Amino acid sequence: MSNSKKYLQEEIIRTSGVNPKKCMRCGKCSATCPAYDEMEYHPHQFVYMVESGNIEPLLESDSLYRCLTCFACVDRCPRSVEPAKLVEAVRLAAIRKQGNNRMTANDVPELIDDETPQQLIVSAFRKYTK
Amino acid sequence: MKFSYFPGCTLKNKAKSLDIYARRSAEKLGVTLEEIENWQCCGGVFTTAKDEVATKLSSVRILKDAQKKQQALVTVCSACHNVVKQTNYAMQNDKEFAGKVNRYMSEDEYNGETQIYHYLELLRDVIGYDKIKESVVNPIGKKVAAYYGCLLLRPNAVMRMDDPENPTIIEDLIKALGGEAVIYGYRNECCGGYVRMESPELAGKKSQTVIESAKKAGAEVIVTACPLCKYNLEKSGCDIPVVYLTELLAEALGVKEDTNE
Amino acid sequence: MQKITRDILVEKAVSLLENGTVCCVLGWKKGEFDYDVTPALFESKEEIEKDFVYDDFCGANFSKYLVKKTIKAEGKILVFLKPCDTYSFNQLLTEHRFDREKVYAIGIPCEGMADINKIRAIAGDGISEIKCGEKIVVDTIYGDKHEIDAKDVLLERCINCKSKKHVNYDELLGDEGEVIESNRFDEVARLEAMTPDERFAFWQNELSRCIRCNACRDVCPACTCEKCVFDNPKSGVENKAPANEFEEKMFHIIRAFHVAGRCTDCGECSRVCPQHIPLHLLNRKFIKDIDSFYGEYQAGAEVGSRAPLVNYTTNDLEPSEVFEGRGE
Amino acid sequence: MQRIGVFVCWCGSNIAGTVDVVAVAEALKKEPGVVFSANYQYMCSQAGQDLIKNAIKEHNLTGIVVCSCSPRMHEATFRKTAAAAGLNPYMVEIANIREQCSWVHKEMPIGTEKAIILGKAAVAKVNLNTPLVPGESPVTKRALVIGGGIAGIQTALDIADAGFEVDIVEKKPTIGGKMAQLDKTFPTLDCAACILTPKMVDVAQNEKIRIFSYSEVTDVKGFVGNFDVTIKKKARYVKEELCTGCGACTEKCPMKKVPNDFNLNMDTKRAIYIPFAQAVPKVATIDPDYCNMLKNGKCGVCSKVCAAGAIDYTQKDEFIEEKYGAIVVATGFNPISMDKFDEFAYNQSKDVITSLEFERLTNAAGPTAGKLLRPSDHKHPEKIVFVQCVGSRCDACNEKGKEYCSKICCMYTAKHAMLTRDKYPDTEVYVFYIDVRTPGKNFDEFYRRAVEEYGVHYIKGMVGKVVPEGDKLIVQASDLLDNKQLKIEADLVVLAAAIEPDKSARPLATLLTASMDTNDFFTEAHPKLRPVESPTAGVFLSGACQGPKDIPETVAQAGAAASKVIGLLAKDKLTGNPCVAHSNEMMCNGCSSCERVCPYGAITYEDKEFRMPDRTTLMRRIAVVNPAVCQGCGCCTVACPSGAMDLKGFASEQIIAEVDAICK
Amino acid sequence: MQVKEYKPLIVAFCCNWCSYAGADLAGNNRLNYPADVKIIRVPCSCRVNPMFVLRAFQRGADGVILCGCHPGDCHYTSGNYYTRRRMALLFSMLDYLCIERERTRVEWVSAAEGAKFAATMNDFAEKVAALGENKRLEDLRCKK
């Protein structure tokens, strides 16, 4: 593994607090995931790809923004791997890069209606911007 | 009984009824909710990354304010509750994180001492469903589907509210209010949450699954504690009413129409 | 000044003796000097009324005496226990050293006991009379009179009192106190923070004064062995007097290790040491280490608790890890 | 003063190449107590041993030191040599000058100097040696087996076969255990009852075996060869000796709504019941929680219909005290509770069941008479999903499950899947697995048959959620190889629940002072070399109480445990290791420190009367070591504050003498 | 003047079941370690009384090492767990009294770890040799 890959991997493991080596590849996270069908890479792949250092494809993938952070995988994982936290760390690694904000304030008016709760807007900002 | 109370931004705006009925019902049940002064938005979602500090400070401030008043903190909105509770858990268990936060904060150290109740826990554990049952004046008399979503119950290691896979806390409340609780499979499945912003289709699909499941089980009304859940369900073509559980409660307790106003 | 007076204790002792609840009373008796209070066994009302004292010099911890006295006594023995004494009392019960049924224990409050050495430092030599009251009033043979505030001359162990709570008694006189957050480990921490050479010099200075009088051992409530290893020719460590320079150090390490996990930190060893060696700093080192390695443990806090040295967990600290994580 | 002989071995050039053996022998001759010293090429040879024997006799030696190879090599040899010459074998000490000297050092002067020091240390020790005689204790030639499942049954039969009396204590009203609840057994698919019930009958008919059913062990005292055990016979309100097992009472009892635990509460029984037709003993038992007569004195039907007059509503628990030489633990296992795994909806739908419940559903004597019908509506299920590893292989931080693999689930699931397809070819069967683990004779072949011949769909992946919807169960699962999330509309979901030791094991272990691991499985004396013995002498392990096991393994271990018991009971007396702890009662404080650290429970306390110099007497509490139980680790000697406790053969004095000799 | 080369004196207490066998294995494999190391066989590391350690220092040992089975592998199931506590506390106390901490050690050596035994002894002997003679525990008042 190249140094930059290794650094990225360490960074993600550190910020997520997840040890992907604990995974026994049962796939229960992906079995449980409500956003599975919309994802290019599924929760168990996140774990496996972070473990093997193959993180670039994840950084580029929309899958990062499909995770609903519903914590179902965290609760059901028999190995306490907590895949959602890993997805979150990879997402942060992506949007923390300069110019990688996925949404700007200008986009908002178009996306909302009269009933949109504030909660949705702030949540989306937390998720899509740094 | 007095508690510190954090309504959160949506409850001051689009979800006013969630807030107002919570307070009225609490008063009726002998509990005063004292709103924290000068609170800020919790941020809507909890960022699990250990190095995210600034985004969690507003939650810590809320918790510290409650601590200063020596009160337990009550929240109603599922999202606020989740964020504040997860932040508090991190303050208790992640020394490094707590250290960083405390360096930001000017005053005394905070290490997660504040006790947090979701409004439902306040009803179940502090007031008691028996007492609520006695106070009911308008029994609901409907088939009500409790919609938990994800934020109330998970992650269970932090939330510790109920069995995350087979919860009863809302169903028991519905029964106490004279309604019939409808059990259905997707009551703890995510509505699609914030993804509504970017992918209404995904959010729509998730919400429809929930709606269909509830309807199949015979629900006449769905209750939730989360403004975003309500919004998502309603935007996804839900043809049965989605109401806040505080509204249901206020109605049953006969305080929905405030005679003082 | 003590909150409870001699008269209350005497009245209590006499009534329990007269109504037959107890057959004798373990209490404090005036010695040659006012400050020289000694433990004594009183068997009659007259003896008690004549000689019983209770003042700022009643530091003696009676728990140990119960080991021998209860075996001989026909009935119950009345014993007065200050909060710190009750911990020793419990520890001895844990070790089955006496029969609880043969003791009537009265917990009495304690405001801290006076250190005669500190009084001497103020009043000088030639103390002829000391009266304990609101103030400690000292007369000397040279005609000087000193009024001293008891708070200024407390024993070290009382300054760092760890508990005002009685953990065992049949009857309590006065109010029950609380376990106190004390600073008793500060001095140990200060020593730990020294350079090895400084610390070596410190201990060399202290321990080299030892005259092996055995006062520390004889007063220690944890030292109740039927036969002490230092008196046993077969133990390999027998010695009566320091034969060479190593041995007082050896003596004190072994003694501290012997009581490790069982020492309640009553501080009697330092109180009685005629050479003023701060022996409690050895015992407290063990207590501090035990607390930090294996979780907090207070010997004698409850009867029957399992002392840290006769206990383990499978993930205990390794001896090699002892020096890690101290910023060294 | 001892008269010590020193014998320095050359071991060819092994020692003599690096150590000047003559110089060693000469130097040691000057040590106190040494009266003879010799060197020889091979001390362990016959000639070498003769040299030692002759020297012992000729010089009236009271102790010998052999400077040679490791004591682990020849200590036993030289002890025998000494014994042959009339010297107590424990008066022999070995100085290890080969493995720990000549072989690890290169230069002669260094090797020689060290060998002399090691020799001096050995001489110093021998000077303080005392003759030791191993203790003897008699053996009660009877065994107790706790647990009457297949493990206990097999152990009892094997022990009885060797001619020893055995008692089985079983807490349920009948022996048989889990195996009696099973339908077929893998990998041969013979019917469990057909192979188990004959063994149960054998037990009942064997004159050497007594069954205490509906009974529990409440107290154990004593030690290997001499256990005193108290057994509580719970009141069953039926006189065992009178009951004929005709079953009339169980048909007439008006209390019909009693959950039938034998069928895992999937149907009901009466308040007076016989668990199943082949129960042993075939005796009725009244459940006091449901019997109206016992609860409020109103009924008495069973008493009226019992021709044998066996019903006795006034029966009380009875305590029996028995003596045994050996105890076998065979307390077995249970599936874990599924309460914490409700993503699988076990508590939400009757049609989500555990594998053991599935066994009952397919068993001809089960609640559906062997027809596979769903518990909710008794319909025939058309699609069944089996979920493997439910609660097994969980992370230590995971508060829900067990860390270990439950071992038997892969095989029984293959069995269930295969039998379902065999009997109901129209039923689709899915098995979700993480790994299929089949290490056993004919096991993998069996699993392959399920896939290849019976068309069971094995899918690599786990089930994430089961949603009851209408009369279906929506099973949401991963297909990892196809990288898909599946949603299967199933009629029945079967969970392969992890297994755990029976709850009665932990308190029993405390009674026996037998050690357990964190999962409450009993620990072996050695995981490889002594797998059926507990570290506590005289306590043996049989079956799943030691770890998850299938039937063949259980039976094998049961036989192994029995052979160990037989080996013990065949002896008239037990000879112990004489190097055991010993307490000097004059110095003992009775403080219990030694007892707390003893891993064998070898130390007890007694109050002893001491005569004092002034002719008075006093009672003191003192520690007493049972030499038959002590294994000689010496932990107590350090825990003892007064130094009253010492270890024979490794006494403090002796070790200090060695230290002194080395540090001189 | 010729100065005699300083050789440390090291006492090693080894449990019979693991470490003593490990030492034997080091011998079988001819793995060298200094002859300064002298082994005393004990049934279990828990037989070693802190007094023995002090005795060795008193009599001039420069280093004392205890070897036992790895935690969890004790022949007597729990002996080494007690050793671990006793020695952790003893060593900490010796350090408190300024006995150089490198003079004491506990090492877990299994019967299969001949190489570890030799490596441990080499390392320990080297560290002790670097400290020089044990003076502090031998003599307190005179040798300054």
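Annotations
For reference, chains read A, B, C, D and E in written order, and residue numbers begin at 1 within each chain.
Methods note: a contact is a pair of C-beta atoms (placed from the backbone, for glycine too) under 8 Å apart; a residue touches a chain by one contact, two chains touch by 3 or more.
In this text, all values refer to a predicted model and were calculated from it rather than measured experimentally.
Looking at the partners of chain A and chain B together, the chains they share are D. Distance from per-chain Cα centroids to the pooled protein Cα centroid is smallest for D. Distances between chain centres, each the mean of the C-alpha atoms, put C farthest from chain A. Taking the mean Cα position of each chain as its centre, B sits at the greatest distance from chain D.
Annotation: D-E is the more contact-rich of the chain pairs C-D and D-E, by number of C-beta pairs in contact. One inter-chain figure worth recording: chain B and chain D are separated by 51 Å, centre to centre, where each centre is the mean of the chain's CA atoms. Centroids built from CA atoms put chain C at 62 Å from chain A.
In terms of their C-alpha centroids, the spacing between chain B and chain C amounts to 57 Å. Shared interface positions of chain E, i.e. residues touching 2 or more other chains, are given as 50-51, 55, 78, 82, 86. Among all residues of chain C, those that touch two or more other chains are 229, 235-236, 309-311. Listed for chain B are residues 157, each touching two or more other chains.
Here the chains touching each other pair up as A-B, A-D, B-D, C-D, C-E, D-E.
Residues of chain A touching chain D in their complex: 22, 24-33, 36-37, 42, 44-45, 72, 76-81.
Those residues of chain E that touch chain D in the complex are listed here as 9, 11, 16, 20-21, 23-24, 26-28, 30-33, 35, 38-44, 46-52, 55-56, 59-61, 75-79, 82, 86, 118.
Residues 586-593, 596-597, 605, 618-621, 639, 641-644, 652-653, 656 of chain D are the ones touching chain C in the complex. Contact residues of chain A toward chain B in the complex are 14-17, 34-35, 38, 65-66, 68-72, 74-75, 82, 84-85, 88-89, 92, 102-103, 111, 115-128. Residues 339, 341-343, 345, 347-348, 399, 467-470, 474 of chain D are the ones that touch chain B when the two sit in their complex.
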